[in-house]
Amino acid sequence: MSPVNLSTQLAGITLRNPILTCSGTYGFGEEYVAYCPLEALGGITLKGITPLPRLGNPVPRLAETPAGLLNAVGLENPGLEEFLKSYLPKVRKLPTAAIANISGFSLEDYVLLARALQKDSGLAALEVNISCPNVKHGGMHFGTDPQSAQEVIAAVKAETDLPVIAKLSPNVTDIVGMAHAVQLGGADALSLINTLLGMHIDINHQRPVLANTFGGLSGPAIRPVAVRMVWQVFQAVDLPIIGMGGITTWQDAVEFMLAGATAVSIGTGNFVNPLAPLEILQGIQDYCEKRGLASVHDLVGLAHRA
Amino acid sequence: MSPVNLSTQLAGITLRNPILTCSGTYGFGEEYVAYCPLEALGGITLKGITPLPRLGNPVPRLAETPAGLLNAVGLENPGLEEFLKSYLPKVRKLPTAAIANISGFSLEDYVLLARALQKDSGLAALEVNISCPNVKHGGMHFGTDPQSAQEVIAAVKAETDLPVIAKLSPNVTDIVGMAHAVQLGGADALSLINTLLGMHIDINHQRPVLANTFGGLSGPAIRPVAVRMVWQVFQAVDLPIIGMGGITTWQDAVEFMLAGATAVSIGTGNFVNPLAPLEILQGIQDYCEKRGLASVHDLVGLAHRA
Amino acid sequence: MLTEGQVVVHESLGDEEQRLRRLVLKGPIARTAHAGQFVAIQVQDSSIASFDPLLRRPISIAGISSERDEITLLYRIQGRGTEILARAKCGERLSVMGPLGKGFSLPEKGELWLVAGGIGIFPLYPLAQSALAQGLTVRLFWGGENKSFLESAGLSSWKDLGIPLQLSTLDGSLGQTGLVTEQAQELLEKSTASGGQIRAAACGPKKMMQAVTELFKNYKVSVEVSLEERMGCAVGACLGCVCTLIDEAGVLIHRKVCQDGPVFRGEEVVWDESC
Amino acid sequence: MLTEGQVVVHESLGDEEQRLRRLVLKGPIARTAHAGQFVAIQVQDSSIASFDPLLRRPISIAGISSERDEITLLYRIQGRGTEILARAKCGERLSVMGPLGKGFSLPEKGELWLVAGGIGIFPLYPLAQSALAQGLTVRLFWGGENKSFLESAGLSSWKDLGIPLQLSTLDGSLGQTGLVTEQAQELLEKSTASGGQIRAAACGPKKMMQAVTELFKNYKVSVEVSLEERMGCAVGACLGCVCTLIDEAGVLIHRKVCQDGPVFRGEEVVWDESC
């Protein structure tokens, strides 16, 4: 059997393979070095950054739910300046593509971040998080209103020469409308999905478990919702999709690709099994081989055939 | 210890206790008779009915997902006439309160159903399903647009002397806005939540598992989303809430009540354990006793205290 | 009935590569069960509740001993649920709902032809026992993958019944090569005279149930088929498991496999997948 | 390091009602582990993957035998995760990440005072061993619920070390009645002269860690405390487990309990819950 071509084109960049890791679950790339060979990955997405440093929310920030994880980190990050100074030099040395993830509380925030991050930074792309549900009076707005989403993406696009990936929130009535909006804004690709807004109450203390009350739900529990959104958007919008939400096995990853994802991203799954990205890559490869597919890209959207 | 008062006031009716079963998961009340003593329940919600009979979607209609269940029954039901003739007489004899659940594809559908179901039918209340995600060109619209939701509820309210419970879809950007809208429409209570729209793909056949492609996600997986919505609506809207979505244990039920639910409803949990409603009732009772609460109603919204 | 069945036997059935298991449960279900009915069994560690998987699994009742209050379940390890079920140890108690659904009916007299595909054989054994007890003439047509499968899935018990067995395997390693319907057809050709005296009962893959129904229809033999569908509640409450029938007036109707079936008259089943 | 640790011992520890377990795992973790570090262990049936629970559980390393490639974990069955963990049988392999985090440091010389609350005792034992091996003077203050708990949680092994033990229980069933800090204070009063020679290491509930820190601060004794937080990744990647410290410049900063801790200098910890 000839080897399967794993190389993946996305938003004008070429990834070694379609396996990425999700923003916020993989730090700035160094944390998992001892657990997973980064050079085997298609790329990693860095923790979301904002213009100014943020301490984020108080603890507890995490709560387990059935097949899911609630998090309310609240976008803790070192801020742009510190990122450029202390983190970017290390990121550049990582043996795989690095995608920055940016968040903001105003259009200006996004503009500022986009301006600072160009091709010469060594980054592969910019993922624009317009969907973080944890920050009050912020991100949520851009992520749920098509008009604002379009504006943010257009503004970012105007400022950077990096490919722009719009990361959408699932907490909307009409995901296709949001995807259309960011396409109009000029997005080169889409990331689907961010976390679902949820909460958990400790019945002994009769209080929310998370200090922030609400958190973002990730993990296998949300996979059916994520696959559905990838499917809907694939049908309606002509942009490559990075599929994520509850991927822990290669079967999950194949499911996303069949639904229409060009690449897949592993988040919470890393916590369960740090070798998940590697095992998933192997599984996808074997799956393609068994079915005689020359390229992993042949999987994309295959389940849409009548 | 004096016994806990379980009696529950909701939308002007008095239920024996706050434990209900969910529409679509408990047939027309007879199916579980051999498995759970109905007289122990606060009430049951009947399968959704439409003006005309419906065969619903082709099979497969069910798919399991991590801690969840996807269903695409597609509102199969005998239609209003047959319901009145063959089912209602039996429903009237059930040893517990019965809530009818109505669905429609137009305002007229809802009006027609509401007109036919009055207090003298022996029903305790009408639950208006404006949220079934399975039917193409239909329910979804009322369930995601506040204006239409308000109109439907107002129309139903104008036609029936039964208390009206509005059942909301979680597939919306702003659940509080929807709750406000149906309150303006005159709803006496709210049911939160219906299923999340999801899908699952069979990677062997490379096709969606459900014949209908999409289905509604229920079960423990969605509980964090459901509890969050109950919490948000409780804070913003002054209507009693029936909480549902992934309740399988008494701890889950208490969680919903602490979040603000006046009553709770068990759906998918019945499939796992047909005695769940009974065990949940007992658990809530013990919980109240241990904490010296005189009435189960004292639990409602308790987790909102600062 | 919701009961806790106590595991009294749980063992591999035949060749391990067939992944078949025999599970005997003690409990009151045996008292009212009959052939063709099934149970919905909770496939989780008995003492630590888990949502993984969430739902019970439907398994046919493959043996009924009302004297000993025991039912036998025979199953193939197919996925996560049955894999977890396979870990249940003797003495453990498993939550079982049953007996569920409506089983096969027996003619008063005459011949009963049984037709099985693969593990569809399991519910037919107690049916053969009842039929023989009632003095009917019974014969079996059974098709499977290969010899190892047929032997693992209980061939010797069937031989013990002393009835005519017509076996077929896909690879010809036992019995005839090919489909079970071909064998049945041959015999039907010969027996048409007595067509009115024959009744058939079948269990196996849907495609096969359709072929069996069509075949027997040609010879005016009425056949009962056992259908499978994914189940939610298993008691008729969720409408997850419907099949489409055509009633006397020619109207398409839905029936619930769990409650109205799993056994239906073959002629009334609409085999078109899109209904 | 991600490894498969083989269960070589898994037994109840002391009085069953304390729900304590001792788990010895064979694997390479022992080679690089030191006191105060922990592992993140997968608490699921080893052969059938499950999402229930989803996350690994952090457990301190309570014994290190690098010669035998064995680490010991001592834990209390607290909820679903540890209950499932408790079922692991000898010979089974469990997925373990570790050693994780930064452990306790040891002074060159002088006295090391150990302060433990409840099961906070577990990571302190290998620390005591190292300290004694290095010739330090070690003493332990340990508070627990009652006599049964202290005895179950390893009192006799501590006695074997031959160091002074100051015990207290809430109900007075063993040692003094009351809090462990009261005993420490008494002794600190007497030993202030030698304050510069004393270092302390503490592990227990957060409230107690705070009290211990404040107490020792008054006597200018520097103390290392081990903190607990809910963990996601356990390697510093998710920011789920932060604690708030105050740096030299007086600025509030976050550190990750999993990666930068779980052991921190008590004086730098900001105990206010709302940060």
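In order of appearance the chains are A, B, C and D, and numbering begins at 1 in each one.
Everything that follows uses one rule, which is that a residue touches a chain if its C-beta (ideal position, glycine included) is under 8 Å from a C-beta of that chain, and two chains touch if they have at least 3 such contacts.
Per UniProt, the chains are A, B = Dihydroorotate dehydrogenase; C, D = Dihydroorotate dehydrogenase electron transfer subunit.
No experiment lies behind these values; they were computed from the predicted model shown.
A count of contacting C-beta pairs for B-C and for A-C identifies B-C as the more extensively joined pair. Across the assembly, the mean Cα position most removed from that of subunit A (Dihydroorotate dehydrogenase) is the one of C. A straight line joining the Cα centres of subunit A (Dihydroorotate dehydrogenase) and subunit D is 36 Å long.
The distance from the centre of subunit A (Dihydroorotate dehydrogenase) to the centre of subunit C, each centre being the mean of the chain's C-alpha atoms, comes to 47 Å. Per-chain CA centroids place subunit A (Dihydroorotate dehydrogenase) at a distance of 34 Å from subunit B (Dihydroorotate dehydrogenase). Listed for subunit B (Dihydroorotate dehydrogenase) are residues 66-68, 219-221, each touching two or more other chains.
Shown for subunit D are the residues that touch two or more other chains, namely 51-52.
Put simply, subunit D touches subunit C in their complex at residues 45, 48, 50-52, 80, 83-84. Across the complex, subunit C is touched by residues 24-27, 31-32, 34-35, 47, 55-56, 58-64, 66-69, 71, 73, 76, 211, 219-221, 248-249, 268, 270-275 of subunit B (Dihydroorotate dehydrogenase).
Against subunit A (Dihydroorotate dehydrogenase), the residues of subunit C that register as touching in their complex are 51-52. The touching residues of subunit D, counted against subunit A (Dihydroorotate dehydrogenase) in their complex, run 1-2, 42, 49, 51-56, 95, 97, 229-244, 252, 254, 259, 273-275. Those residues of subunit B (Dihydroorotate dehydrogenase) lying in contact with subunit D across their complex are 66-67.
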